[in-house]
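Each of the next two complexes has subunit A plus one more chain, namely subunit B in the first and subunit C in the second.
Take a look at the complex of A and B:
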């Protein structure tokens, strides 16, 4: 697993509201019990950690639809980190 | 109660012996023997089934079946609905005798329906009407000419003011107050400066009353003020949690949900099936449309359109609220970046100035 993936998982693990010992890339954010404000805090944490700005379109309704699974978040962050370093 | 009858009441399939008699509904870990029906519709309770002493269990039909066998197993399609039905079946109520307790004071002209129960030290004022099957617990007071419908349950210490009207099947939890005077004074002071020492604040009296529809539930210590001239109204099926305040002239529609510590100012109009989270404050004279949802802790300062989900203070549509949170959270980084840009700009200006001088 990439460093980004383990960092993203650590951030999401702090926010999850369900009693589940591990967070997997295939887990859906909704199934981990992340509410909209949890997702906002998740974005703050990730932006701070990786010094990127995660695109968020408020008009497309909620973060949960933009990022369905933990893997989606990892992919988005990895892309932003790659853009920053290139 | 026979397990067979319970399964039938739930409309659920029964696997095993329907003749087991149970008299308690418990968490699987709390079961002491065959007379206990273990309810295991959550994942956590289902895990406790492995060790339970119960012989009869209720599980969710969609959940994996328990590893061990039970003498009777009821599988329910909708666990939350089954919880409502089961708790109703096993609720023995407040266990107060029917009839009027000798220490209760009931006005001579009060009309009591069949099978009412009036608890110790309750006071029923002149001209009151209490519907058939209603239970009034100890130390309740019902003011003059107030009416309570049939099959109601009024818990201890509730105060129902004069002329207030409650529908059928209304449950009022302990120490709620229905029909206090409205918080209304004159003149209207619309500016900070207007409230001078010369102003004499005058009381606006509350001549109205409160009308509560059928199937309404009112929480403990909740207070509902009477109207100035007409009626403060709570629509049929609305459920109000503990410690909610509802001001004078408020009109609430049908089947709304108001969670604890909500404060509704005077003359607010709330539509049907509106859900209001805990601790929400609503400014006076605002209108909340049908089906609106207001997130916990919001402060509603303006009208809320039907079907919208609002949050925050002031309450705005939730997605905008979330967007604002995002921008607020990014402010520090924005500030740092603008600071860095300003330094570079100053440096550039200095260079340009030097180039121009040459």
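Take a look at the complex of A and C:
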């Protein structure tokens, strides 16, 4: 697992609202009990940690498909981090 | 509450993104004009992610106040005073003694003097200056608009600010309505004011991820959130008997007020809270659902509000919900937070008086979750006997006013 992935998982693990010992890439954010404000806080934490800007509008229907699973979030952050360093 | 006096509106004033008077505001609402445009008011507009807001354009304080007075007034208080002066002038009331001490001044404001806040803190944090201007505190305090209106207009009765975020003005007007109805005061100057388009505030709204990048499309498929607005609207309320006795022009009647708290989520709208506030206003007004023709919706243009508000309208009005004309004037003037309810009540009162419903502009196509008649894109002639204006705030604080055509 990449450093980004383990960092993203650590951030999401703090926000989850279900009793589940580990967070996997395949976990759905909804199943982890993340509500809309939790997602907004998660995005903020990730932006601060990686110094990237994550496009995210809570009103957009795309958001639910783009950020469905933990793996989706990891992929989005990895892409933004790569763009920043390239 | 039964008994009490009938409460009528005899003066209206507005400073809005669609003009600095009620006349221009109302004409532009009926024409379906957008008051949205580029953010120009902050010292670093280009750095913001959010590029669009509904600003009050070309507002020149020195046209309304002398230089010395301007130095004591945050933009939010300037808006409040200009709107109050217009409303009082229309009412034709001179607030001499003893009426002055029997008149309430109740002004809703979400956040107070944000421009003063931003400028002062920028001065100490960024510019590293060791002092801020001497009137920083009395300019930014949340009661400044209420205090300044009372001072400017010579109103010496009960005066205070009401803060309930996006419902502030509706709570303020509702309290003023109750005080006049119950006889606690003989007159009230009430409404709301907000001037929150500052760098820090916009950064705060950006962080909530609920802002539309370009257009506010309440209830429409493809809506992407709210647009921040600003402005003020004020009105003069008095008992019907008093207005009649002095031969005043009566613009409309306020007949009911409902309030509720969700006691649930900090930001997510709550169906039960909305329904209880709407039901409370209808009950207070002794209106049956079928008596109402128009609802000026809270309609922020967020995915969650508009869907939940639609459900609440279904629940409160039953089958009659399908027959209601519902529109969101926020599509044209953005969300002016603590001023929103007052700007919207002015629109509601004039809709009832003139028999014309302002549209919800930016409407693209129906969203299955929002299945009512939102008067898309074009104003509509409609005879209205009674109408309702909704305000639902962050923090789960809800307020709804019901008005009737004066007959």
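Heads up, the rule we're going with is that the second predicted complex is superposed on the first by the 78 of 86 C-alpha atoms of A that agree within 3 Å, B and C clash if a C-alpha of one lies under 4 Å from a C-alpha of the other, contacts with A are read in each partner's own complex, and residues count from 1 in each chain.
The definition used in the following text is that a contact is a pair of C-beta atoms (placed from the backbone, for glycine too) under 8 Å apart; a residue touches a chain by one contact, two chains touch by 3 or more.
These numbers were taken from a predicted model, which means no experiment stands behind them.
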- Of the two partner chains, subunit B (first) and subunit C (second), which one does A:75 touch, if any: first, second, both, or neither? neither
- Message: Applying the document's definition of touch, where does A:19 land relative to subunit B and subunit C: first, second, both, or neither?
- Response: first
- Query: Is A:43 contacted by the first partner subunit B, the second partner subunit C, both or neither?
  - Reply: both
- Identify the partner contact of A:5: answer first if only subunit B is touched, second if only subunit C is, both if each is, neither if none is. neither
- Task: Pick one for A:30: touches subunit B only (first), subunit C only (second), both, or neither.
- Result: neither
- Set of subunit A residues, in rising order, touched by both subunit B and subunit C: 36-37, 40, 43-44, 53, 56, 58-59, 61
- For subunit B, which residues are in contact with subunit A within the complex? 44, 318-320, 322-323, 325-326, 329-330, 333
- Residue set of subunit A touching subunit B in the complex reads 19, 36-37, 40, 43-44, 47-48, 53, 56, 58-59, 61-63
- Residues of subunit C defined as touching subunit A within the complex: 49, 207-213, 223-225, 265-268, 301-304
- Given the complex with subunit C, which residues does subunit A contribute to the contact? 35-37, 40, 43-44, 53, 56-61
